[in-house]
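What follows is chain A paired twice: with chain B in the first complex and chain C in the second.
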Partner chain A sequence: MGCTANDLVTALKAAAATIEEHRVELIQLDRVIGDGDHGENMDRGFKAVLTALDANTPDTPAAVLKLVATTLISKVGGAAGPLYGTAFLRASTAVKDRAELEPADLTEALTAALGGIVARGKAEPGDKTMVDALDPAVRAAKGDTATELLAAAAAAAETGADATVPLVARKGRASYLGERSAGHMDPGARSTALLLRAFAEVAAR
Partner chain B sequence: MKKIINDPSTVVAESLKGLELAHGDLLTVIHDPAVIVRADAPVRGKVAIISGGGSGHEPMHGGLVGPGMLDAACPGAVFTSPTPDQVTTAIEKTDGGAGALLVVKNYTGDVLNFETAAELAETEVRTIVIDDDVAVKDSTYTAGRRGVGGTVPLEKITGAAAARGDDLDAVHAIAERVVANVRSMGMALAAPTVPHVGEPSFDLADDEMEVGIGIHGEPGRARVPAENADGIVARLLEPILEDLPFAEGDRVLLFTNSMGATPLLELYLAHGIAERLLADRGIVVARRLVGPYVTSLEMQGMSLTLLKLDDELLELWDAPVRTAALRWGN
Partner chain C sequence: MSRVGLVVVSHSAGLAAGVVEVAAQMAPDVIVVPAGGTADGGIGTDFDAVAAALDRAESGAGVVLLYDLGSARMVAEMAVEVTEGARLVDAPLVEGTVAAAVAAQGGADLDDVAHAALEAVEVPGGPVVAEGVAGGVDIIGSQSIAAAQPTAPAEVVVPLTNEIGLHARPAAMVARAMTQLDARVTVRYGDATADGRSVLALMALGARGGDEVHVSATGPQADEALQTFQDLAARDFDE
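Then we have the complex of A and B:
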C-alpha cells in the first residue's frame, strides 16, 4: 500500500506544525545572514496551505501537491516562495495520475523537486542554500518502504543543513555578505531539513 | 518609532487606497492581490510594461503608472518582493494582445517571483532585469548587482517605445540597451525605519556616512566620516564614470535622486556639483531629472544615476508621459 492523497495531507499538516514550532529559529537564522523574514514567510505559507487543504481536499496525490505549490507561490514571497512552490509543482507533475505513491514514486517526486529548485534558483551544491539539504537527501532517498526512504532522506538533509555552517554564501541575499556569511547555518537548508523530518515521522507512524 | 501610520501591517493597503483616490484619473488599484493598473488598461495592440517590487520606494513604481510609462505595478510588502499572483493579475489586466515586458530589479526574491509569474502567464512575456548599482561587486559568486535608480529611465524609455507601437522584441531590445548603458551609486546619512521592524535598519553615528548603500538599507562599500557636498558627489560619481566607462563627448541623462528625507534644497546643490564635475570631463549632460523618485522610506541620502544616451534613447526619454510622478509633453 502506497501513499495516498490523504496520507500526503497528514504529512503536510505535520510539516506546517513543525514550521510553526521552528518559526523563531528560522527567523533568527535569517536575521544573521539575510533579512530575518524566512520564518515568517514559511509560517504564513504553510498556514495558508492548511486553510487551502481544509477548504477542499483534492483526491489525488498530484492534486494535493499542486494545491500546495500554488498556495506557497502566492503566499510566501521572498526567495523561498517561488523555490518551494516550484519544488512542489514539479513533484506534482512527476507523480502523474497515480492514486498511491510507491517508494519509487517518492524518489521521483523528490528528484523532480530538487530539479525545480535548481532550475529556478541556479544554485549549486556548496552555495549555502536549501539545495545543500535537498541534494544529499535525494541521493540518500532509497529504501523498500516509504518509511525507510524518508528516514534516510531526512537524516541526509539534516547533515547537509549542518554542513552549510562554514560555507560562504554565493546565492540569495546572504551572498552580499561575502565572507561574513560563514559561520552560520543557512535558513532555507534548515527549513528543508525540517520539512523532510516531518514527512519521515508521519511515514513512520 | 514615530510615523504617520495606524498599524504596521496595513501600511501598504491603506496607502494604496490614498493613491487610488489621489490619482483616479490615471490609475486603478486592485486590492487583492495588490496591483496598480493604468486606468484605461488594457491598451489594444500595445506591449504592456509591468514592474513591481517591495513597497517603500515611492513614487516608484505605482507613481510611474500611466500613459507613456507603466501599464501596471505590483507592490509587495515593505522591502519584500511581490508574489507571482500579483504579477499574473497585472499581466491579465493589461493584456492588449501584444505581450508584456516585465521590468525586474535584480534581487533574488524579485527575480524568482517574476520568473514564476512569467512561466504561469498565458500571454507572451519577456523579462528585463536591471542591475545598475556599481557599489556591488558583480561576480558569479554573488546574486549580482542590485537594481536601483536606473529603473526610472528604464521604465520611462521602454514605456515610450511601447507607446509608439514597437513590438515586444523591439521593446525588449531597447530595454537591454538601457540596462547596458546605465549606472548608479547611492549613499546615506541616516537609516530608514521599516514599519513592522520598528527600529532603524542600521546605525550611523552623527559624523558617519554609508557609501554605496542599497535601497533597502543594505550595507554599502564603505562606512566613512561624513563629508561635505563636494566630497559626497565626487565619491558617487567616480565609480559610476569608471564602470561603464563614460568618456569625453558622451551625452548623458543625469538623474539626481533623493532617498526620501534629503530635501530638494540639498539635492539641487548636489546636482549642481555633479553637472560641474561632468562638464569638467567633457561629458555632456543632455537631460536631467532631479527629485525623490527611488526612495528608501525616510532614509536620508542621495543617489546619482547616469545613462549614456543615443539619439533614439533621447527621443524616447523626451516622449510624452503622464503619471503621478513624471509628466511632460501633453
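Then we have the complex of A and C:
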C-alpha cells in the first residue's frame, strides 16, 4: 500500500502543526546566528500551505508537492522559501506520474529534494545548513515500508542537525559571524529534521 | 526604441527604491523597477513581487536583475528560470545598477547591459565576484567578459577643457555614446585605464578640467569612437 495524495496532505498538515509548535524555538536558534526570522517565515509559509491545501484538492502526490512548493516560494520570504520550495518542486518532478508513492519513490523524492537544495543554495555537507540534516537523511532513507524508511531518515536528520552545533557556518547569514557561529544548532537543519519527524510520525500511524 | 529594463531585488523596499532613485537620475528613459521587501512590508524577498517587477521592466529588449543578499539571489534565480530574456548578474547593487542603467540608456543590448553591471566591479579598489552556475541559470561573473581585440588601437590625446573633467555627468555622456558604437574604447589617465563604456570606471580615473586623457579604440567603429570622444570634449560635454 503506497502513500496517496491524501496521505501526503495529512503528513503536510502534521508538518505545519510541528512548525507552529516549534516556531519560537526556530526563532531563537536563528536569532543567535542569523536574522531571527526562520521560525516566523516557516510558520507563515506552512500556514499558507494549509490554506492552499484547503482551497485545492490536488489528486496526485506530485500535484500536492507542487502546490506546497509554489506556496512556500511565494510566502516564506527568507532563504528558506526558495530552498524548501525548490526541494518540494524537485520532489514533485521526481514522482510526476505516480498515483501512489512506494518506498522507492520516497527515496527518489528525498534525493531529488536534496539535489534541489544543493543546487539552489550551493551548500555542501559541513557548511552548517539544512543540507547537514537532509544529506544524512537521504543516505539513511532505506526500508521495506514507508514507516521504516521515514523513521530512519528522521533519526538521521536529527543526528545531523545536532552535529551542526560545533560547525562554523559557511553559507547564509550565519556565515558573516565566522567562528562565532560555532556552538549553536543551525535553524535550517533543525526545521528539516522537524519536517522529517512529522512525516515519519504520520507514516507510523 | 525599446531599452533593456532593470529590476533591483532587495530585502528592503526602502533600499530597492533608493537604488532605483540613484539609477533613474542618470538614465531617465530606462525602466528600473524596485522589488524589495515582503508582501506585508517586512524584510525579505517576495517571489511574486520579483516576477511582477520583471514583467513591468520588460519592454521587448530584455531585463537585467541585480540583487543584494542570500535569498534575494535565490528568488531572482527562480524568477529568471521562468522568464525568457531575463538575465541575473552578480554585481555590486548600487554600482552595478547605475552602470547597467547608463548602458541601457545608451541603447545597449541585453549582453552589453549585463556586462556593464559586471564591469562596475573592475573599478579600482572594487570587489571581485566569482562566476557561478546555479539551478540552470548562468550567473555571469566578471571573468566571462571578453578580452580586447588584438589589433593595434588608434589613439588620440584629448584635453579636458570643461571644469569638472570626467565627473559623473560627462562620464555618463561618454559611456552612453561609446555603448552605441561597435568599438572597444579605453581611456587612460596617468597609469589608470578605464573602459569607455563604464561610467564608474571613467569617473574613477579622476581626470579633472585641465587634464589630458589618452583615448584608444579598436573594432569596426574605432575611428567614430575617437571622433565622438573628441567632439564631446570639444563641446565641454555640454556643460
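A few comments on the model shown:
Throughout what follows, the second predicted complex is superposed on the first by the 205 of 205 C-alpha atoms of A that agree within 3 Å, B and C clash if a C-alpha of one lies under 4 Å from a C-alpha of the other, contacts with A are read in each partner's own complex, and residues count from 1 in each chain.
Keep in mind that, in the parts below, a residue touches a chain if its C-beta (ideal position, glycine included) is under 8 Å from a C-beta of that chain, and two chains touch if they have at least 3 such contacts.
What you see is a predicted model; the values in this text were computed from it and never measured.
When both complexes are superposed on chain A, chain B and chain C clash. In the superposition on chain A, A:81 makes contact with both chain B and chain C.
Looking at the shared chain after the overlay, A:73 reaches both chain B and chain C.
Look at A:170: by the touch rule set out above, it reaches chain B but stays clear of chain C. Legend: residue contacts after superposition of the two complexes on their common chain; A:39 is shown touching neither chain B nor chain C. By the document's definition of touching, neither partner reaches A:187: not chain B, not chain C.
By the document's definition of touching, of the two partners only chain C reaches A:122; chain B does not. When the shared chain is aligned, no partner comes close enough to touch A:103: not chain B, not chain C. Residues common to the contacts of chain A with chain B and with chain C across the two structures: 35, 37, 73-74, 76-79, 81-83, 85-86, 120-121, 172-173. The residues of chain C lying in touch with chain A in their complex are 38, 42-48, 69-71, 74-75, 77-78, 132, 134-135.
The touching residues of chain B, when paired with chain A in their complex, are 33, 76-77, 79-85, 107-109, 112-113, 115-116, 136, 140-143, 216, 218-219.
Contact residues on chain A toward chain B in their complex (touch as defined above): 35, 37, 73-79, 81-83, 85-86, 120-121, 170-173, 175-176, 178. Taken in their complex, chain A has these residues touching chain C: 35, 37, 41, 73-74, 76-83, 85-86, 119-122, 172-173.
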